[in-house]
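After this come two complexes, each holding subunit A, first together with subunit B and then together with subunit C.
Up next is the complex of A and B:
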């Protein structure tokens, strides 16, 4: 039996590896076509990405990306495509920042309160899509995209001087009132830069994701719905309830996505708060096969590529080249997984057939000799 | 799965039957002959000429056509449209094609009307359309995959008449089945396949079904007979006034279950006969709680379960062997041990206070594999990699492992080999002796008659007739299934015309 497991692991790694290799090859072709030397570009990225300040940058970026990947992956396991992680985390971070700026409680109270607010806002925003899907049959893809736009509009309306925003002293930038010093999350005192303490929360979220999905009844039910709604229905899962629940959970995790930035870096929500991370999360969840470790590797890779893109610009390359790499990775990952999945299924069917035939032959021989 | 050392010679102008247990490799062989799969080694010769098929198109070009077990017809198109679909080039799509269809239909006595809409046709008519479709494409050799599985006995006779007609015209028919009586009545030659290889041939003229079955299984023949009665007078499941309507694809609301009432007692097997699609699936789903009926009450072991959710019903002791195991009974891409948990995730040994108990679930999967003879190299392979019969054994093992009070068995031995069939029947009988109540739905009339203590016939959503399994014959049951007879079916006589309402009540 061990043999099957090893093969499954190999097959599991084969797909993302293939995709990444393919992405670099395609990028090399693009670079050559634009008259640039491809391998020195990759060399620059690797050298720069390995520097210690780059490592810190990558870890911090990956913390955010990891949470986004998890949020999307929860939906994927259910066959739900939550494109709305983007709107969910921005709205969540905005309200959490506004609340955090307005209060001055001791840190051990205020930090959990901020995080909790973010999670609840994220969950509620995602829950709207869940309710719409269950009651009106609205595809979550459509509703979450629209909810993204609405979130943008709400934030734009509220983030104004006199509403929930305030103009800074230089009069150039509107943001929420900065969090008090006590609400800053702890950091690891690494040099030259500090690693955000929120990486611990992200890791815990990953463990919780793994535990809930693969070790609890609830997780089993959730995965069952993801694999076959009809079988889930027959097995006694309330599919509609499960859709709403999993959208809520996806939103809860999405609420966390803005927290590393808010509590470890910006301490306020302004016009420069990072956007679009929800979409990055989709790519990372795909790349990581919805597996907690895979998502972590995907998040780190994404951070690494982004770090490299900054340096490429200095060396006379277009930074967009990294966008090409990322895009091709996602495309090839989707294709490679499907190819590997089908190959794996076929291969296993054949192996089972062969094994049984061998068993049958053996038992026949025994009969004869007996 | 694997075929090895297959040798088969089919003479022109004959009906050649291919029999074997499920998972014996019949389907693989057919796929190879029809170009859907390529053999690793070996050769195929048609009319003495060696050929290689890369796709079904190549096979059709050589005059080999296949009639699948599951019909591949578009319901809302006419027969003509279905036939020409994909072969528009042959005779166009208009009058020329219509004339050709009529010609073929008359030549082989198929009795197909080109302008009927497929939706309005019965199962037997649809099958004839499938056959015509293949002939229209110029096939001289027809492969029929379990063609009788969906037919009632009278329709089977009609099909066999068609096959004889085809044979008389010099066409060749390869007929796959595991209903041995039928095989013996229609085939000129028989080839038996066991565990992927051809184990012998039989001459239908001097072979009995028993001998053929023994050749197939390599051991003695099982029988569904259960004669000593274990029926008690303690009701286990009572269904009363059950009504259900559904919206069909045209948006018309139509009644699919009408005034259904019956009681199954402890130790009783209630068999429901009926042509598929007459409401059996809906009845099962209503009892399982997967559909909400418009009216009616369900009582399980004295407790009203009418508004209890599916999971609670399962926990309360309803075991479920679904009609479509791929759709309702398995997670195909999950390993066997996860499939063992499916449907019973809240019960021991699978979980404990909300947490899965992987170790216990895996150990119990090993036990099921062992006790129910699920042929698999291990419990970590996906359910999809098992043959249909072995998947079914796993499901039966899983459902019986939770000591159900009521077992809903929809086609429990469909696609299962003779050996496993005997085992499943034994399991049901065993549990019945200990007080299990069984709702049995089956298209296999021998199975229904052999296993049931009470028989009901379902027709267009109603229970229209009942019969005593000790005296009824498959032919009599078959005629009630087509709606020709109602009330209490008397053995060996004209069916008594009584009010179906009173006839539908308990005896």
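Up next is the complex of A and C:
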């Protein structure tokens, strides 16, 4: 049992708080510079964000973002930069949607089948980057970015009328065959809008992430490799195997990213399926410091900001302002953590120094008395 | 201790999620439903990605809005989509407009289809205009265009004007809407002169819509075509078209065909107008204005309105009089399409 350290807790809270305050200050300056009154803008965002339908929107958005954040965080913990979550989730959602549209099994069979397909496709796509890194030494940053483009091209090729897609009646939108009613995921019957049931899956994924990383041998190995490959190698961890496995896990989670949208909202993969969530996931993983609870808070904050951006635009503000807030928050988080970490390190050194000095004093006294 | 506190933290977070899920507090929808604000026309406009200022599709809608503002004295509100949106974002945009009393509300772009379906059902007293797609909800006016017919005429003009017998089409992305342009162009060129060779090229695939806003890609594609001996290039790629036109203008005797608005009159492109043969214009502005007017007159238009060649919903521009020598043949082709003697395909 460690003694409860009040100051350490304070330091822990200080970093994110500092970041958010700094972000709002910078945004306020930007707003003033564009000739707008900053505090009414924040007021609008908070007022609107607290409405019940906004809460539902934020939760639903955060469900997707949380999964994206987790997928990226798995790699981060191991010093792997999986930039390819974007391609992985799109390819996964596309094939899952195509399969789901083609089958009409009972829901309790089909829904898990769709989710499983998505996870496997995501894992395989990420696995390519893992194998390339281990066997040919290709940086996963480069290979995953390229795999994103290849995923776009594959989807573009297959999502055509007569292949895996079908044209709508107006002849302007091509999408996969819609999922049968039985494959729609459950929703919480909240009023006026419904909370997507997939939030439960996201929460479970978060618990699994926490458990595997901090309570299993595998998680320990993974974190060790992340901190020092050579040390991990020396202590008998198979680094190559770990790289491939963690890319696969990252891809498995990435496969889930498109599922809330597919199973709770769009029920098909079409030309309007959201893109770019993988990159949002990187920001959210950074924001949450790869911690399951932190990522959840980051995802909720992101959802809140996006909800607010729609309202701000409506009230005559430039909607880009929210993009500025988001960017500044991520930057401030990174900087704030570094500042707090350095301060903590100094404080620790000082404490150790004081202890040593006290010990030296004591021993001197003893010597004298002896 | 640490383990317990972590589990506690995790469960508190879960509980917090669960509590917010029960959605305490009032809804933003109930508070502000003050539609019918004293007879003044309030037009809500939801643009597709790019918004006002894209020199293309959205701008055409914006022109209609400006006209309605000037001639009908309408109050307007313009909102724009961003990249990577979910249907929920588009729904939010339309709902906000509906709840603030805007009527009619125009959704520009086929991506709004699902959102219009949902929001229009919730607001049966508001008229929605959906551009480029078809919704079955009864208070929706679907505004669709026969892009393939206008492109057919462009194909006729290209085939007649080409000296090398090779013409090219550059599309922003290989989606169904752009393929309508390509299909019409190819058919028009081939039916005018079966020996004409038509090359079709896209700047992007699938959801990679960067081809709508990359003049560099347009320029490179057009250069490639010119190098192969193609001497008429039709570009349907939004902002990328500027690059293609620039490249074509650099080669003597080659023609560019523009799209969506009269690009020979575009301030940034007018210096190339000697090389711009014509532009295939899609009159989204007419669709927007007509719907606004019908609401103003108390007879909101619903159902599907097709703006075809017959109603001048799609037209060829004649700035610079480059078409003078072939105008008779174009008029003949147009008449055949309007009469139904020529059926233009909308798919390749």
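Note that in this section the second predicted complex is superposed on the first by the 347 of 370 C-alpha atoms of A that agree within 3 Å, B and C clash if a C-alpha of one lies under 4 Å from a C-alpha of the other, contacts with A are read in each partner's own complex, and residues count from 1 in each chain.
Throughout what follows, a contact is a pair of C-beta atoms (placed from the backbone, for glycine too) under 8 Å apart; a residue touches a chain by one contact, two chains touch by 3 or more.
Remember, it's a predicted structure, so these values are computed and weren't measured experimentally.
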Partners on subunit A (subunit B, subunit C) - clash or fit: fit
Subunit B versus subunit C as contact partner of A:25, first or second or both or neither: neither
Partner chain(s) touched by A:109 [first = subunit B, second = subunit C, both, neither]: neither
Subunit B versus subunit C as contact partner of A:217, first or second or both or neither: first
First, second, both or neither for A:54, with subunit B first and subunit C second: second
Degrees between the directions from subunit A toward subunit B and toward subunit C, using C-alpha centres, nearest 10: 140
First, second, both or neither for A:208, with subunit B first and subunit C second: neither
Partner chain in contact with A:9 - subunit B first, subunit C second, else both or neither: neither
Residues of subunit A touched, compared between subunit B and subunit C (which is higher): C
Subunit B versus subunit C as contact partner of A:170, first or second or both or neither: second
Closest Cα approach, subunit C to subunit B, once both complexes are overlaid on chain A (Å): 9
On subunit A, positions contacted by subunit B and by subunit C: 1, 4, 214
Of all residues in subunit B, those that touch subunit A in their complex: 1-2, 4, 195-196, 288-290, 309-315, 320, 322, 327-334, 338, 341-346, 351, 354-356, 358, 375-382, 384-386
Residue ranges of subunit C touching subunit A (in the complex, touch as defined): 1-2, 6, 9-10, 13-14, 17, 20-29, 77, 79-80, 82-89, 92-93, 96, 100, 110-111, 113-114, 132-134, 142, 144, 174-177, 180, 204-208, 346-347
List of subunit A residues in touch with subunit C within their complex: 1-2, 4, 48, 50-61, 64, 90, 149, 152-153, 155-157, 159-161, 167-174, 188, 190-192, 195, 199, 203, 206-207, 210, 214, 261, 265-266, 271-277, 280, 292-293, 296-297, 306-307, 310-311, 313-314, 319
Subunit A - residues contacting subunit B, complex: 1, 4-5, 214-221, 224, 227-228, 230-231, 233-238, 345, 348-357, 359-360
